[in-house]
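Have a look at these structures, which come just after this line.
There are two complexes below, and they share subunit A, which is joined by subunit B in the first and by subunit C in the second.
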Partner chain A sequence: MSVPMVELKNVAKRFKDFVAAENINISVESGEFLTLLGPSGCGKTTTLRMIAGFEQPTEGEVWVNGQMVNHVEPYKRDVNTVFQSYALFPHMSVFNNIAYGLRMKKVPKSEIKERVEKILKLVQLEKFSSRKPHQLSGGQKQRVAIARALVNNPKVLLLDEPLGALDLKLRKQMQVELKHLQQELQITFVYVTHDQEEALTMSDRIIIMNDGMIEQIGSPTEIYERPKTRFIADFIGETNLFEGAVTRMDDQFVYVNCASQEIKVHREFTSDLSDQVSIAVRPEKMKILPAPDEELTAIRGILREKIYVGSVTKLIFEFPNGQHVTVNETEGHRGMSKIGDQLYIGWHPKDSVILRA
Partner chain B sequence: MLKKENATLATDIPIKPKIKHSKKKINLAAIWTISPVTIWLLLFLFIPLFFILVVSVMSRGTYGGIEYTFTLENYARFFEPLYLRIIVVSIAMAAATTLICVVFGYPFAYIIAQSPAKYRTLLLLLVIVPFWTNSLIRTYAWIVLLRTEGVINTILLKIGLIAEPLTLLYNSGATLIGFVYTLFPFAVLPLYASIEKLDRTFLEASSDLGGRPWQTFLNVTLPLTFPGVVAASLLVFIPTLGLFFISDLMGGAKTMIIGNLIKNQFLTARDWPFGSAASIILMVLTLMMILFYLKVSGGKTDDTELL
Partner chain C sequence: MSRLTRLPSVAYAVFIYSFLYVPIAILVAYSFNDSKLNAVWKGFTFAWYAKLWTNTSILEAAKISLTVGFFSTVISTMLGTLVAVGMYRYRFRGKGMIDAMLYVPLVMSEIVMGIALLAFFSMIKVPLGMGTLLIAHITFSIPFVVVVINARLKGFDQSIEEASKDLGANEWQTFRLITFPLLGPAIAASAMLAFTISIDDVIVSFFVAGPDSTTLPLQIFSMVRHGVTPEINALSTLMLIVTLTFVVFAQKLQTRKR
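After this line comes the complex of A and B, so read on.
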């Protein structure tokens, strides 16, 4: 197996009175798009800054391309950063901003010109090379920031919420462009975001962080469909959580008593088996049934609210125990139910997971 | 872009009078609110300035009064070598003071801006503390230190480093010390302000792109804090030209600057017209400096919020 491009071994970062990151073990393969995802203050940016060299880990080791870099200054590391605020030098033109890294490394002038022009073409900003940053739009600044980092052919590109300042439409467009760029150039990306949709769209693997700790590492599908903790189930997408007690189990299923009913979940989808557990089911995995079904888990509920959000209509049901559940209205059922109706809501046992309560 | 705007304005004739009307109203309101300032400036700046301008083109009376006959003689006198030399010396002294204050003030301000937030206020306070004592008194304190039987000479003699007292006072070096000492805070404060507001991310970005600390300083820190350097230079250079009591007390009246000349004309020589002309020339010099600096810094940094 090849040497990981970036490796963090038992890394911790403690500031005077709080722990920013603890027990961080990450290994990033060459050419991988890895995302650090979590709410603000979860330690993801601190982790990124330790890879860049702006922060020193209090404990543990940071490795880049097979070299321990704990005491290597940022200007000697083979990584480049795209900053959240872009940090484009306001007194320099687009060309000079992009050429900065090459000039610092004393690359010959003709080569600088060639490489900057090539990268300007790649990010489609050839016509803007003599503009100053304040004459650019948000999306253009973003491209310059990426070009300024990429022109140095870094081993790893670190991106700290690079799309955070853009509006929704532009953000979606840039997500696709960034992903294409990464696949084209085969550069290792370590990407920080708090936007779960962004993480799911772009990443090869996602690391979910919370309170300075890693909660789960996995592919977008794993993270979305098999969240390991309640926090993740709640943080990524929408989820219905039921609380209950485990009553029994057999070879195939675990049975949980909740909402005054027995719900079965596949044994392999359980990450915790204490007495009290939570069951998580995504709204789009639930459907409205005409009658109880042998195959599916079904619970009877009263339709309390309909929320139209454009692509789908969300139906809010109330279960006998008073719990509210969100179900996405399916194509076949559109407009058929009205508020106050008593209906069965069902889902397949493979579409639910058991989590620690 | 401009053309387009003009075109739309020309076609939108019916709207035009309305705009004018509202504009007029706003102007009236604006004048009303700034009137206290306007009156103040009129009474205490423009009218006195006008008097000085008028007096500067009058003749001196035999007994030191003002004779109201028009003449440009007062200005012509500045082209005599004696006075030209004073102007040259003044500018040289001011330039040297500015250079020393900015060169030493920059690292000084940088260290304050870099220190932990809780010490910053204290350090700034220490820079400002000397202002609480009258500058004349502080200048006398320097005389106590520098004169022949002063503190420095006494100590150096006692420890046997020198056999005879050094001439530390009453020369242009002493004047320079006085200038630098008095105006140093004026350099530190604007430098501090611009260094402190410099976004650290720019420095991180430079380091990230391979810039060593000194490369980062030359390529990023210095250009981005250049408005502070300009402000510091102006705030030191301009007052230096007028600090007559320092060159009087510490230079032993050997180094004459424009400030001394003006003071002497009004108080000693009783030649008010010539003194007024000197004041006007000092003002014109100062304005030229400011314009020059604005032009230089404006072109280089694109920073409109200078000063």
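After this line comes the complex of A and C, so read on.
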């Protein structure tokens, strides 16, 4: 197997007594798009800054391309950063901003011109090369920031919430463009975001961080469909959570007593088996049943509320134990139920997972 | 707005501006008046300006003012810039307090500052002269420099310096190519401000200047005791021009497009 492009080994970062990151073990393959995802303040930026060299780890080792870089200055590392605030040089033109890194490396003038022009074309900013940053829109500044990093052909590109300041539409568009760029240039991306949708759309692998710790590493599908902790199930998308006690197990299923009845979950989808557990089911995996069904888990609930959110209608049911669950109304069922109806809600055991309570 | 409602506001503006500028205009006008008396206009002349050049005590005072102004500007700009950058870059206990204390001299009565400095110099037994004058001018200029540089640093994104290092520039290259050019206009503006304040100062200088270190404003002050002569008008006009030039440049530099 090849050497990982970036590796963090048992890294911890403390500011005085405050633990910003701990037990960080990450290995990024060459050409991979890896995302650090987590709520604000969970230590994503700190982790990224340790790779870039702006922070020194309190413990552990940072490796880039087979070299231990703990004591290597930022300007000597083979990585480039796209900053959250763009951090363009306000007194320099777009061209000079982009050429800065090449000039520092003493690249010949003619080659600088050639490479800057090529990258300007790639990010569709040829016409803006003599403008100053304050004469650009947010999306254009963003492209300059990316071009300024990419022109150096870094082994690794670090991006700290690069699309955070853009409006929704532009953000969606830039997500696609960035992903294409990454695939085309085959550069390793370490990407930081707190936007779960962005992470799911763009990444090869996602690392979920919470409170300075890694909670789960996996592909977008794994993270979405098989969250390991309650925190992740809650943070990624919408989830119905049930709490209960494990009553028994057989070869195939684990049985949990919750919502006033026994719910079965496939054994392989359990990440924890203490007595008290949580079961997570996505709203789009639940459906309204005409009658209880042998194959499915079914619970009778009262329809309390209908919420129209555009693409779907969300139905809020109350279960006998007083718990509320959200179900996405399916095409076939549209408009057939009224508030106050008593209906069966069902889901397949393979669509639920057991989590630590 | 209708003409009727506009009239009072225009009149008000005219009144305020007349109040501010008519005395100055009169002073300038009389500096060209071909008469020993300020009261009547006799005709245009440059005679008073020519006469200034032959007045040795005025020339001597001008030399002292310019020397003190130059050195206090250079030293206070350097010290003040370092203070501002240090305050911006480092966090430490009691920083807020120390920061606030820097600004106290800006609002402190000048006479208090003058007396305090005089008391201090006599306590440490330093004879009054150019040296004490220079130290005093540096002292009251520093807060102004810090304020101007600070204002610039407030809008300064710290990650710009990091971006420079990220792109392969070392500390020195980053300072030379990024920090200094971005701070340059503010440094120049603060230097001009420091020079203006130094050239203009009367009160503090009055306390700390020695017998052979009379500055231009002090010289004018002593001449005025025997009445305002056209010569003084001419000298004041020159000082006005110098000060105005510097203030306008400082303003331009500070508001220049970033």
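Keep this in mind: the second predicted complex is superposed on the first by the 357 of 357 C-alpha atoms of A that agree within 3 Å, B and C clash if a C-alpha of one lies under 4 Å from a C-alpha of the other, contacts with A are read in each partner's own complex, and residues count from 1 in each chain.
Quick note on the criterion: contacts are C-beta pairs under 8 Å (C-beta built on N, C-alpha and C of every residue); 3 or more make two chains touch, one makes a residue touch a chain.
Just so it is clear, the structure is predicted and the values come from calculations on it, not from any experiment.
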Exercise. Superpose on subunit A as described above, then tell me if subunit B and subunit C fit or clash.
Key: clash
Exercise. Quick one: classify A:152 as touching subunit B (first), subunit C (second), both or neither.
Key: both
Practice problem: May I ask you to decide whether A:54 touches subunit B, subunit C, both, or neither, giving the answer as first, second, both or neither? | Solution: both
Practice problem: Determine, under the contact definition given at the top, whether A:85 touches first (subunit B), second (subunit C), both, or neither. | Solution: both
Exercise. Look at A:75 in the shared chain and tell me whether it touches subunit B only, subunit C only, both, or neither; answer first, second, both or neither.
Key: both
Practice problem: Report for A:105: first if it touches subunit B alone, second if subunit C alone, otherwise both or neither. | Solution: both
Practice problem: Mind working out whether A:116 is in touch with subunit B, subunit C, both or neither, as first, second, both or neither? | Solution: neither
Quiz item: Do any residues of subunit A touch both subunit B and subunit C, and if so, which are they?
Solution: 52, 54, 73-76, 79-81, 83, 85, 87-91, 100-101, 104-105, 134, 148-149, 152
Practice problem: Would you mind writing out the residues of subunit A in touch with subunit B in their complex? | Solution: 52-54, 73-76, 79-81, 83, 85, 87-91, 100-101, 104-105, 132, 134, 148-149, 152
Quiz prompt | List of subunit C residues in touch with subunit A within their complex | solution = 157, 159-160, 162-170, 173, 177-178, 181-182, 257-258
Quiz item: What residues on subunit B touch subunit A, complex-wise?
Solution: 199, 201-202, 204-212, 215, 219-220, 223-224, 300-302
Practice problem: Spell out the residues on subunit A that touch subunit C in their complex, using ranges where they run on. | Solution: 52, 54, 73-76, 79-81, 83-85, 87-91, 100-101, 104-105, 134, 148-149, 152
